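Look for chain A in each of the two complexes below; its partner is chain B in the first and chain C in the second.
What follows is the complex of A and B.
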C-alpha cells in the first residue's frame, strides 16, 4: 500500500465554491489551460486534473468547479464531501457575492465537520479595481475571523492565479501529513478493532 | 437478508461518526429502502398462496436464500480451509450462524456428490482461486462497498428498481446484467449446443451476481456460457414479481390458449402494450434474443419447445405461453433490435471519440452515469471509490464538453469553407472558360497573324508597363514573342495549376465527405468490433485534418485567383484604353473577330521567314509547355507532401493535447 502511494504522485482535491458569475470557472481555466474565457456560461459542474510540481515534488491536482447557482445545491454536497481543500471565491465588484461566502463557508464546515479544513478566501476580478465594492479591509477581517488567508486574484490578468492554487495545495499537503501522524495510530486502531470484532464473534 | 440487516445496524454508527448529521435524512431513506425490499420478498409468497404454484416458488425461494448465503460466504470459506494466513487478511463482516454453517456443509456435500469430471473440478478450483484474489482486492479498497450490495442490490428487487440500479447508459432500459448476458450469448453462445439448458458452476454464478450487486465492471468474457445463462436465469428467478406481472400473467396465459393465430397475436400484442415499460423492454429483449437462439437451432439444438421447458419455471410462464410469444416475437416486438452495449468510457480509456456524433453519444452515457452516481450517493451509498468515480466521470464529462466545443468550432469553420466553396464553384466555371480560352489561342497559333493576336491577348496577363510597348509594337511583335511567350507560359501555368489544384481539392473533399458518411453508418451499426471502430475513428481524424488543410490551401489559392482575376481585368481595361489610343486599334479588334481570315490572308503571303520563325516559336512553346507541366506536377506533389506532414503534425498535437487533458 505504501509503495503504491510512493509510485503515484499525491493527489490533492480542490473545490471551487462561490456565487454564480464570480469567476470560478475563469480562474480554473486560467490555471489549467492559460486561457481566459470572456463569455459567461453557467457551470453545472466540471472537473479537471493537472500534474504540477509543488515545491519540487510532482503532484496531481484535481479541481472541481462547482455551480454557483442554488439550483445545483443538491449535487454540490456530494462533491463537498470528497473535497480536501476549498477556494471560496467572490467578486470584489459585487458585495452580494462577498456576503454569500459566509453561507458557503458554513455549508463546507457542516459537510466536512472540520474548522481547519484547508480553505482560501479569494477576491476575484482585481483588474476591475475601479468597480470595487468590497474593500480589502472588509475581506481581510472576514478572513481573519475564519482564520484563513485572503488573496485577491484576476483571472483575466492571471494575477495570483497560480498562487491561490499552490497555496491551497500546500495547506492540503501539510494537513495530510498531520493527519497521517495522528491518524496512523488511529487508523491502525480502527483495523484492529474490526479484526477484534471478528475474532470475538 | 437477516445477516445483512444486522450488519447494517452494526456498521451505521461508524458511518455516522465519520459524517455526523450527514445521513440524518438519508438514514431514514435507507430504512425505507430495506423495508421496501423486505416487502418485495414477502410479496411473492402471498401470491404463491393465491396462485398455487407453491412448489415451484419454494424451490426458487430456497435457492434465493441459499444463493444469498453462498454469495457472501464462499470467498471467506476457502481461505480458512486452504491458507490460514489469508483468513487474517480478509475482513469478515459476517457472523456465520450455525444455520449457515449447515448450509455450507450441505453445499460441500452436494458438490462432492456431483458427478463432475476431475478436469472440471480442477477448473473450478482455479476459478475459485481467481475469484478469491479478486474478492480480496475488493475488500481491501472497498470496505464500504459491501454495504451497498446489501442495501441496494440488483438481484431480487422489483424490476423497476433493478433497472434503475443497474442502468444501461445508452437509453435501453433493461438492467445491465441482463444486457450483458444477452450480448454475451448473442456473441458466443448462439451456436453452442444446449445453450440455456446447461447450468453453470454455482460459485461462479454467485460471484458474478455479487459483482453486479456491487456495480462492478464485469468481464463476462472470462466465464463459460453456462455460467452466463445461469446468471440470467437467476435474475429472472429472483424477481419478486414475474416479468408479465401478477395482474396480467393470467390473461397472458388465456391469450396463449387462443387457437386462432391472428386473434392470439392481437390479444398478446394488446397485453404486451399494457405491461409497465421496463417489463415490456426486458420481455422484448429476452424474447427477441431467444428467438435468435431458435434461429440457430441447427447448431444449438434449442428450439422454442426446448427453451420453453427450461425457462418456464424461471419466467413463471407456461410452455404454451413461451412458445406463443416466441412464435409471434417479430410482430410483438418489431422495434427491438439487439445492440451490443458499449459502456461509458472510464478514465483509463485511451481516447475520446472524435466525431460530434460520437462525443454527444458518449456525453449522454456519461451524464446518465453521473446522475446515477449522484442518486446513489444521495441515497447514502458513499464510499471512497464512489467518490473517486464521481470525480472521474465529472472529469470525463468536462473533457468531452471541451472537445465537443472544439470539434463544433472546427465544423463551423468547415461549413463556412463550404459556402465559400459554392462561391468558388461559379468562379471555377469562369476559370475553365479562361483555361479553354488560352488553349484555344494556342491552337490558333497556325497563322502569323493569329500569333500576333494571341500574343496580344496573352499579353493581357503581362505586367502593365510592358503592355503599352507591346501593343504599340503589335505589328513588329513577331520578332520578340519569345520573351512574352515565356511570361505567358508562366502565367497560364499558374492558371492551369490552380485549376488542377481546385479539382483535386474537390475530389479529396468528396472523398472526405463520403468517408465521413460511411463512418457514421458504421458507428451506427455498432456491431463492429471496438478495435475496428478505433481505427476508423483515427482514420477519420486524419481525414478531417487533411480536409482542413486542403480547405485552407483552397482558400489561399482562391485568394490568389481573385487577385489574378482583378489583375486581368485591369490589364484588359488598360489594353482597351491603349487600343483606342492607336489608330489601328479598330483593325486589331476586327482581327479578333470574323474578319481575321482576310487579315491572315494578307499577312500569310508576306514571307516564309516569318513562317519559319513561327514554327520555331511553336516548337519552343511546346518544350516550355512540357517543362511547365513537369513543374506543375512537382508543385502538386510537393504540396501533397506538405499536406501530409501538416496533418501528421496536427495529429501529434491533438494526441499531446488529449494526453495533457
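What follows is the complex of A and C.
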C-alpha cells in the first residue's frame, strides 16, 4: 500500500458544489482542457483526474463535478464524503445561487464534521459584471463569517480559474500534512478539529 | 433422311445402358468397307458428340437459370422471415416494456398488501408478483447467496452486465464483477473462478439506489471514456465497462431507476402529505434530511392509517381503466371511492389527504366524462356503422355520472348525422311519389327507432324528453324544407302533391304511438306551399275551363260505338257518376257536351285531391279553389245561355247545366260533407246562385217547344 502511494503522485480530491447553472462544469472544463463550453447541459455527476504541478511537486487532482440538482440527500452526502476540499460556486448574477451556498456549506460541515475543511467560496461569472446581483462586500462578509477565502472567477475569460483550484489544492495539501504530523498518517482524529470548533464557537 | 435415321438409331444405341463403346466400334469397322465409309461414320459420331455437347450446355444453362431463380426466391423468403422475426421481436419488447412499466408504475416495492383490498385486482397482482419472482429468480440462480434479494416484493431486474473493477488508487484492474440493477438496489457479485455449475457468481453486496452516488468518470488521466465510479460511503469503487456506449447505458439506466424510484416516493409523499407541511418546509426537509430519516418516516406514518390502499391507488387505477376503455370499471371505482369518502370522511372535511384524493377523483371523473363525450361525438372520420346501439354504453355511463344533458345533446347530434347519412342514400329516380314515400319512410322509421332508443336511454327525464321533441321538430323542418324544394314545383300536379303529402302524413302519424305527434308541425310547414300549389292549380283549371268554353260547340258527345259507350259509362260510374246512363241517347251518344264530361272528370279528381289535402287551415283555400273552378264552368254555361248565337242550343245547354248542378255539384257536396263533416258553404251558395238556370230551364224548354227530346231519349233508352 505504502509502496503504491509512493509510486503514485499525491491525489487531492476536489468537489464542485453549488446550485444548477452557476458554472461548476464550465470551471472544471476550463481548468481541465482550457476550453469554455457555451451550451448548458445539466450535469449528473462527472469525475475528472489530471496531473498538475503544484509548487514544483507533481500531484493529481481529482475533480468531482456534482449535479446542482440532486434529489437524494443521501447521494449528495456520499459526494461530500468522498471529497477533501470544496469549491462552493455561485453565480454573481443570481442571488438565489448565493443564498444556496449557505445550505451547501451546512451540509458539507454536517457530513465532514469539520469546521476547517478546505473550502473556497467562488463567485463565478465575473465577466458579467453588469448583471451583478451579489455584491463583493456581501460575498466577502459571508466568506469571513465562514473563515474561508472568497474568489471571483470567470470560466469564460479563465480569470482566477487556475487560482481557485491551486489554492484549494494547497489547502488540502497542508491539511494532509498537518494530519500526518498529528496522527502519524493512521486513523482520523477529530478531536483537534473539534477543539478548533469550540474555539470558534 | 437416311442419315438422320441412322443417327437416330445410333443415338438410341449409344443411350442404351449396356452400350459398350469398344464393341460398337468393332462392329462398325467390321461393317464398313474402306476408309471413306469409316470416315463417314466418324463424322457422324463427331456430329452427334457436338450436338450432345450443345444440348448439355443448354441444359446446364437452363438449370443455372432455375438455380438463380430459386436463389432469388429463397432470399426473398429469407428477408420476409427476417422482417417477421423483427416484427415479433418488436412486439415482444413492447410487451415486456409494458409489463415493466406497469410494475414500476403501480407497485411500490415497500407497500404491503392491504387486507381490505379483496377484489380481482389482487388476484392479478399476486399473479404478476409470482411471474416477476419467477423471472428474477431465474436470473439470480446464477448468483450464489443472492436469494435474499427475492425477499422484497416488487423487485424487478432492469439491467445486468459484466464490469471490471479497478483499484481506485492506481486504476489497475482488480477483478470482474457481475452487476445487476434492480429497481431499488444495485447488486454486485464477483465471478467464481472455475465454476462448472449454473452458479457462476458470488453475491458481494447491494447498494440502495437512494444513497448510491453514481459518478461518470469523464477523464481519469487517459484511461478512456468507459469508466464510472460508485460512491457509497465509505467505499469508492471504480468500474470499467467494455465500451463507452455500455457505460452510458449503465449511467442512464441507473439514473432512470433512481428517478422512477424518486417519483414513486414523491407520489407516496404527495398522497400522505399533511396540510401543515408548506412547500418550502417540504423542500427544506427534503434537502437536508435523507429519506431514511426516521423522523420523516414517522411523520408519514400516522397521516393516513385509515385510508385503504385501493383508495390511494384509485387515481392511477382510474387512469388505467379509462385508457383501456374499461369505462364501467372506472365508473364503479369512482362510485366506490365517492361512497367511501362520503361515509368515512364527512367528519373531517378539511383533511388535506382526503381533499387531495377528492380533487384527483374529480379530475378523473372529468376526464372520464371527456372520453365518453368524445365517444359520442360525431366526426367525419368516425363510422356510424354501430348506429345508436353503439352509443348506448357511453350514454348510460354519462347518465350515471349525472351528465344526462350533455349525453342527450350528443346523442341527438349523433341521431342527426345518422339520419343525414341515411337520407343521403335515397336517390331521386322514377316517380316523385315513390321518392317521397321512400324518403319519408326512412325518415320516420329512423325517427321511430331513435325515439325508442331515446326513451330507453333517458327514461323518466322530462328535460331530455323535451330536448328530443325539439330535436325531432327541427329534423322534421329539415325534411319538409327538402320536400318543398324537391316536390312543390310549378309543374307538379296537385294530385301528385296530394299523394305525396298523404303518404308523409300517414308515416308521420305512426310516431303517435310513441307519444310524439308531429302532424301539426308537418301540416303547418306544408301549409304555405300547399296553399300556393292549390291556388296555382286553380288558376290553371280556370284557364282550362275558359279555353275549353271558348271552343265549346255545344254538341252532344259521340262515343262512336257501343263499346266506347260501355267503356264511358263504366268510367263515369267509377268516378261516382252512376246516373250517367240516363244521358245516353241512341247507339253511342251522350246527351252532354264533351266539355261537360271532361270538366266533370277533372273536377271530381280535383275534389278528391283537395279533400285528401284538407286540413282545418287549408279549408278556406280549398273552398275557394273548388268554388272558383266550378264557378268558372258555370259562368261559361251562363254566357252560352245568354249568347244569341247559341239560342238554338239553349235547351241542350240547360241540360248540361242541370247535370253540373244537380249531379256533379251534389255529388261533390256529398263527398265534401262526408269527408269533412260539414257542408261547404261556398258550393251551397253556388248551388243557390245558379238555381235560376234550372228554373228558367222549363220555361225555355216550353218556349222552344222541344220538350220531347229529353223524354223521348229516355223513353228510347
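In this section, the second predicted complex is superposed on the first by the 176 of 201 C-alpha atoms of A that agree within 3 Å, B and C clash if a C-alpha of one lies under 4 Å from a C-alpha of the other, contacts with A are read in each partner's own complex, and residues count from 1 in each chain.
Definition applied: a residue touches a chain if its C-beta (ideal position, glycine included) is under 8 Å from a C-beta of that chain, and two chains touch if they have at least 3 such contacts.
Keep in mind that what you see is a predicted model, and the values were worked out from it rather than measured.
**Student:** Which partner does A:113 reach: the first (chain B), the second (chain C), both, or neither?
**Tutor:** In the superposed model, A:113 contacts chain B only, not chain C.
**Student:** Contacts for A:73 in the overlay, against chain B (first) and chain C (second): which applies, first, second, both or neither?
**Tutor:** Second partner only, chain C.
**Student:** Who does A:8 touch here: chain B (first), chain C (second), both, or neither?
**Tutor:** The answer is second: A:8 touches chain C but not chain B.
**Student:** Using the touch criterion from the header, give the chain among chain B and chain C with more contacted residues in chain A.
**Tutor:** Ranking chain B and chain C by residues of chain A touched puts C first.
**Student:** Go through the superposed model and pick first if A:131 touches only chain B, second if only chain C, both, or neither.
**Tutor:** neither
**Student:** Answer with first, second, both or neither: which of chain B and chain C does A:81 touch in the superposed model?
**Tutor:** Touch status of A:81: both partners.
**Student:** Under the stated touch criterion, which partner chain does A:45 make contact with: chain B (first), chain C (second), both, or neither?
**Tutor:** The answer is both, since A:45 touches chain B and chain C.
**Student:** Please report the chain A residues shared by its interface with chain B and its interface with chain C.
**Tutor:** Overlap of chain B and chain C footprints on chain A: residues 45-49, 64, 74-75, 78-79, 81-82.
**Student:** Inside the complex, what are the residues of chain A that reach chain C?
**Tutor:** 4-5, 7-8, 11, 32, 44-51, 60, 64, 71-79, 81-82, 103, 106-107
**Student:** Any idea which chain B residues touch chain A in the complex?
**Tutor:** 19-22, 88, 91-92, 95, 373-374, 377-378, 382, 387, 390-392, 394-395, 397-398, 401
**Student:** Under the stated contact criterion, what part of chain A meets chain B in this complex?
**Tutor:** Answer in residue numbers: 13, 45-49, 62, 64, 74-75, 78-79, 81-82, 110-111, 113, 194-195, 198, 201.
**Student:** Within the complex, which stretch of chain C touches chain A?
**Tutor:** Within the complex, chain C contacts chain A at residues 169-170, 208, 210-221, 229, 231-234, 236, 251, 255, 258-259, 262, 286-292.
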